[in-house]
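Each of the two complexes below includes chain A, the first together with chain B, the second together with chain C.
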Partner chain A sequence: MKPRSLTQSMSSLHTWCGLLLGWVLFAIFLTGTLAVFDRELNWWMQPELPASTATQTAAVETAQRWLEREHPDAATWNISLPTDRSPVLSVSHGEQRRGERTLLDAETGEVLEARQSVGGNFFFRFHYTLHMPRTIGIWLVGFAAMAMLVAIISGIIIHKKIFKDFFTFRPAKGQRSWLDGHNASAVLLLPFHLMITYTGLVIFFLIYMPAAIDALYDGDRQAMQRDARATSAQQEATIARGEGRAEGQQASQRGEGRAEGGRNRGERPVEAAPLLPLADFIVKGEAHYGVGMLSALSVSNPGKADARVTVRPLLGSRIELTKGESLVFSGVSGKVLQSPPPSRASQLTQRVMAGLHFAQFGGYPMRWLYFLCGLVSCVMIASGLVLYTVKQRKQAKGSRVFLNIAERLNIATVAGLCVACVALLWANRLLPAELAARGDWEMRVFFGAWLLSLLHAALRPVFLAWREQFYLAAALCLALPVPQLLASFPTDGLRLGVDITTVALGLVLGWLALKIPALADTHSVTKPRAARLAGAQQ
Partner chain B sequence: MTSTTGTTRKPWLDALLRLPLAILGGYLFTYTATAALARLLPVERYDAALISTLLSFALYTVFVLWAFAVHSLRRVLLGVALSLPLAAIGFWPQLLEVLA
Partner chain C sequence: MTSIAFPLSLTLAYAGMLLFCLGMERHWKQLASPRLPVRLRRLCAPLGMAALALAVYGCSRIWQPAMAWVAWFGMISLSGLALLLILPYAPRLAIGLPVAGLAACAVASALL
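Moving on to the complex of A and B:
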């Protein structure tokens, strides 16, 4: 009648977390890892576009000339500047910031045609919504992140010999190897796993835990935002004048009321006034954010006396996540109407945590670090999933039916998702460029490939299904640069980087597929040594 | 033996009862504790709301771990019941309004 020990109860909690959400977590981590290079993938997925070499100043002059000629009466102009990660100029007009974009050659002002694609943005959105309706997706991902956090801490409690485990790896020893692999990948990057999970929760913290707002602000988020801004006297003066108010609330309101200011002004007559050259505002913006640190510029009411120019920084000019931040100028006089107030300490804490998750700071070395750490997280989750089934099979306890389902789902989640991701890239290359709703078709290929891999996993023997799907993913990765070479699209560093990385990942997947026979000796239940090891496990 | 409640039960049944208590009860506990903390922190209103919310995920994690570490389910239930006094602290102005 001995009460179960702490290690035992933590071990059962750890297993429950993995069982309930391990599969979802793997999908979240893999797509999140790929989303580190979302812009690079966007660029790769529109291979017709030539990289612009024009400066941002030259580009914005081109954009202004084009917009003044084509859309002089638009309520708003939006100009997305060419940057290192996304070297193309694009413009849009009208109320929506994310409407139809027109791609322009930054030097000549010619309209560029490129295939429609979901781009790397697909991985980014999937990472936090799982391609579900936004609210449901965000909650499910948040729930999975909590399970991850609990799994990490309970995992630490189980492993008292945490440092010894780090140096222990017994390859090709069946279950032992899986356990060692799981431990090593978990312990090696423990700070990263903890950081990325907690900061992930912090991004949507007020959605997940509205308790404090409910208690102190009666659930009124805007009242809270007003409190945040109240510190800056200059800000208050701006709000009192009613200028730039719509802009300031963008971060909190996401879309609604975005163009409110512009529309209201349109009702009363405002006299025409020439807009200053937009290149001036690049200089002003760079003076505030640093040279090369701007990403976009928008103009509301161009050509009117109340024209306003908003300059947006590149995410990642600092660790703090500056999403929605901007500088607002008068388009006629060039005076600053609104500058972002410095964040107060508590707000800065949240923004730095969110920024740590978004990984927009520190340039490419940091981006690669996040990518590699993310891959190790994926390995940790996948090895944990496999370890569970290997252990169950050895101990021959529990339901065989469930074990069978778990094994199939492991294959479809781990190997199948790898196949689906690279299938999306292939769809981008192979689908006809002029196909209508092409982005939707790319997604259909992604989900179709994933579904097929589940079917394949259900029908084939477990060990062969693993192997075949990894081989398929490897082959698809290795051959991915071929269509690019055949079509002789313009190539540049960014696209070459995507190709080389994919080929490298293909080699890793191929190596995994080759190694599977050695790893899979654990599937024979007959070995007495294996049974003894499994018994010693707990 | 009366003290064996929670240890003699079948493991899967125990987990089946413990999981909802940890997940839903834990959320309730964290929600009210966050509200109470926000109310009690001696800093400006905005900072109090942010600090307590940022800490809430750690609190939730600790509650779930505790709910699995504790032997008797009755104690987990007691832990969840702490939500009542915490809610009273966090929401006392709203509570007074309702009572008035």
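Moving on to the complex of A and C:
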């Protein structure tokens, strides 16, 4: 065998990396794109809730009254404040971080009932774990992201005329059009593809590349994080003074802090002391983070002398991802006990990259740019997957069996996942509101729909399967606002935004379904077939 | 100014990409009138650069500098892709869009 050129070997690398991991990558990218609007979807998926118009100060007063009445002896209170993207007040108590949340009317303090739902969080979690056990999922997604990087770099190498073909798109020319479309969506959005893939890997750098921490800190992540943080002398003094509070601080540094430190040592009982009005802490928090930039409060040991109030900011006043960051006050004196130190260069670098990936900054204009860029990434991956089959179909040699499998998997991943995602939204509307473990049922509908689409793709002729699944997804998207209209739930800008976006996506999917005979490689073999298809449809 | 900064930046980003596109021989032939002097084509790339620079400025009116660059990359990428999709179907629209966009922004800023 004669040695192959660089382009040839890169080309096969690109094909196989892209194809085999492309199926996974499409799922990761589509759910990640939807997760850009995770809070909006959360809100949409609890349609009974009226949007709160109360200020955060009023809301926190309501929450404090309710918690003092219902749970005066709880070790911790958590209050999540109404914000623009999630206009509802919710409270919880006790140690567990994701315990039962109680939704409250921010003005009257009445308990609000809403259906259980996995919400947009499902897309977010699926995006980085693929609904597998967390560690396995994260590793698999990391592997796919590496493959994506390999595919991007090898794609750049094999692209013959990046600059000459920069703006070239020749539609209705079969394989040529698919290649043009794949190239254009890849090249024009190259900064985004590279950024989102690389920063995605950087988020879990501790999981993917633990060697340095194992060597330097014996695998003690907390010790590393302590070192990574610049601790000012004044804060060290606070830590030294704080009666064994260091442990609690580490917990909050790990980003897990619900400030659960303090009382669990139980050496000596702490005397009771009145808690300051929590509204004061809103003012203090806003003085630090800016007006309207707070997301949550938590109180540990309310009603005791060692009560501490933790104020958490909304993410997004800067690119740096400041998850888990907080200001800690004494709940009795109102003094600042701990304020977030500025990150050191190394930590800042990692957090800025993570922030670039999480897209919490810059408000809605930025969110939309990320969403659209994410959709183009999905199109890029999908067009690459289709391109493989279009190319193979024309070649006489090569395994027909594998081509057949690839075609069916393409349908189930690309069209099938679209169907499954919108099926999840439908499940949210149609399942009885009082169903036990309702969130699990929603997920069952999602995976059930996806499995059915695989079955459908396996049984139907390829072009019909593409068409029917896209039609189904389009119809489901277009009709999605109907149950909402029938049930006359309260409507607001956020929910309307979700509805309008879904309908717009439905129109695109419907257009795709209409175009499929033309999009299929209409040379020689397939042309009569496509014509037959068009006839069969009528 | 801030309220129209987003559409204005987007229009400028698109205009910049369009000018770069016109600067390429293939697309000059496709889009420009044959009566126009070819010398004009060489002006396109520098003008495109200027439009993209103005788009950065527009973004910096909405976001702090670091975020402005992120948004700018997103805008030029997406508007470049939009241009590429419009080109084969409606080349006139491709040229008319930035003009319409600028006009709309001017009207909006006059009204607001």
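Quick note on the criterion: the second predicted complex is superposed on the first by the 490 of 538 C-alpha atoms of A that agree within 3 Å, B and C clash if a C-alpha of one lies under 4 Å from a C-alpha of the other, contacts with A are read in each partner's own complex, and residues count from 1 in each chain.
Here is the rule we go by: contacts are C-beta pairs under 8 Å (C-beta built on N, C-alpha and C of every residue); 3 or more make two chains touch, one makes a residue touch a chain.
All values derive from a computational prediction rather than experimental measurement.
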Contacts of A:13 with chain B and chain C, given as first, second, both or neither | first
Of the two partner chains, chain B (first) and chain C (second), which one does A:153 touch, if any: first, second, both, or neither?
-> first
With the two structures laid over each other on chain A, which partner does A:345 touch: chain B (first), chain C (second), both, or neither?
-> first
First (chain B), second (chain C), both or neither touched by A:55 | neither
Looking at the overlay, what does A:501 touch: chain B (first), chain C (second), both, or neither?
-> neither
Mind telling me which of the two, chain B or chain C, contacts the most residues of chain A?
-> B
For A:365, decide between first (touching chain B), second (touching chain C), both and neither.
-> second
So, does A:205 touch the first partner chain B, the second partner chain C, both, or neither?
-> first
Once the two structures are fitted together, what part of chain A is touched by chain B and by chain C alike?
-> none
Spell out the residues on chain C that touch chain A in their complex, using ranges where they run on.
-> 6, 17, 20-21, 24, 26-27, 62-64, 66-67, 70-71, 73-75, 77-78, 80-81, 83-85, 87-89
How about chain B: which of its residues touch chain A in the complex?
-> 1, 4, 7-8, 11, 15, 19, 30-32, 34-39, 44-54, 56-58, 60-61, 64-65, 68-69, 71, 90-91, 94
How about chain A: which of its residues touch chain B in the complex?
-> 1-4, 6, 9-10, 12-13, 16, 146, 149-150, 153-154, 157, 198, 201-202, 205-206, 208-209, 211-218, 224, 227-228, 344-347, 349-350, 353
In their shared complex, at which residues does chain A touch chain C?
-> 164, 166-171, 184-185, 188-192, 195, 318-319, 356, 361-362, 365-366, 369-370, 372-373, 376
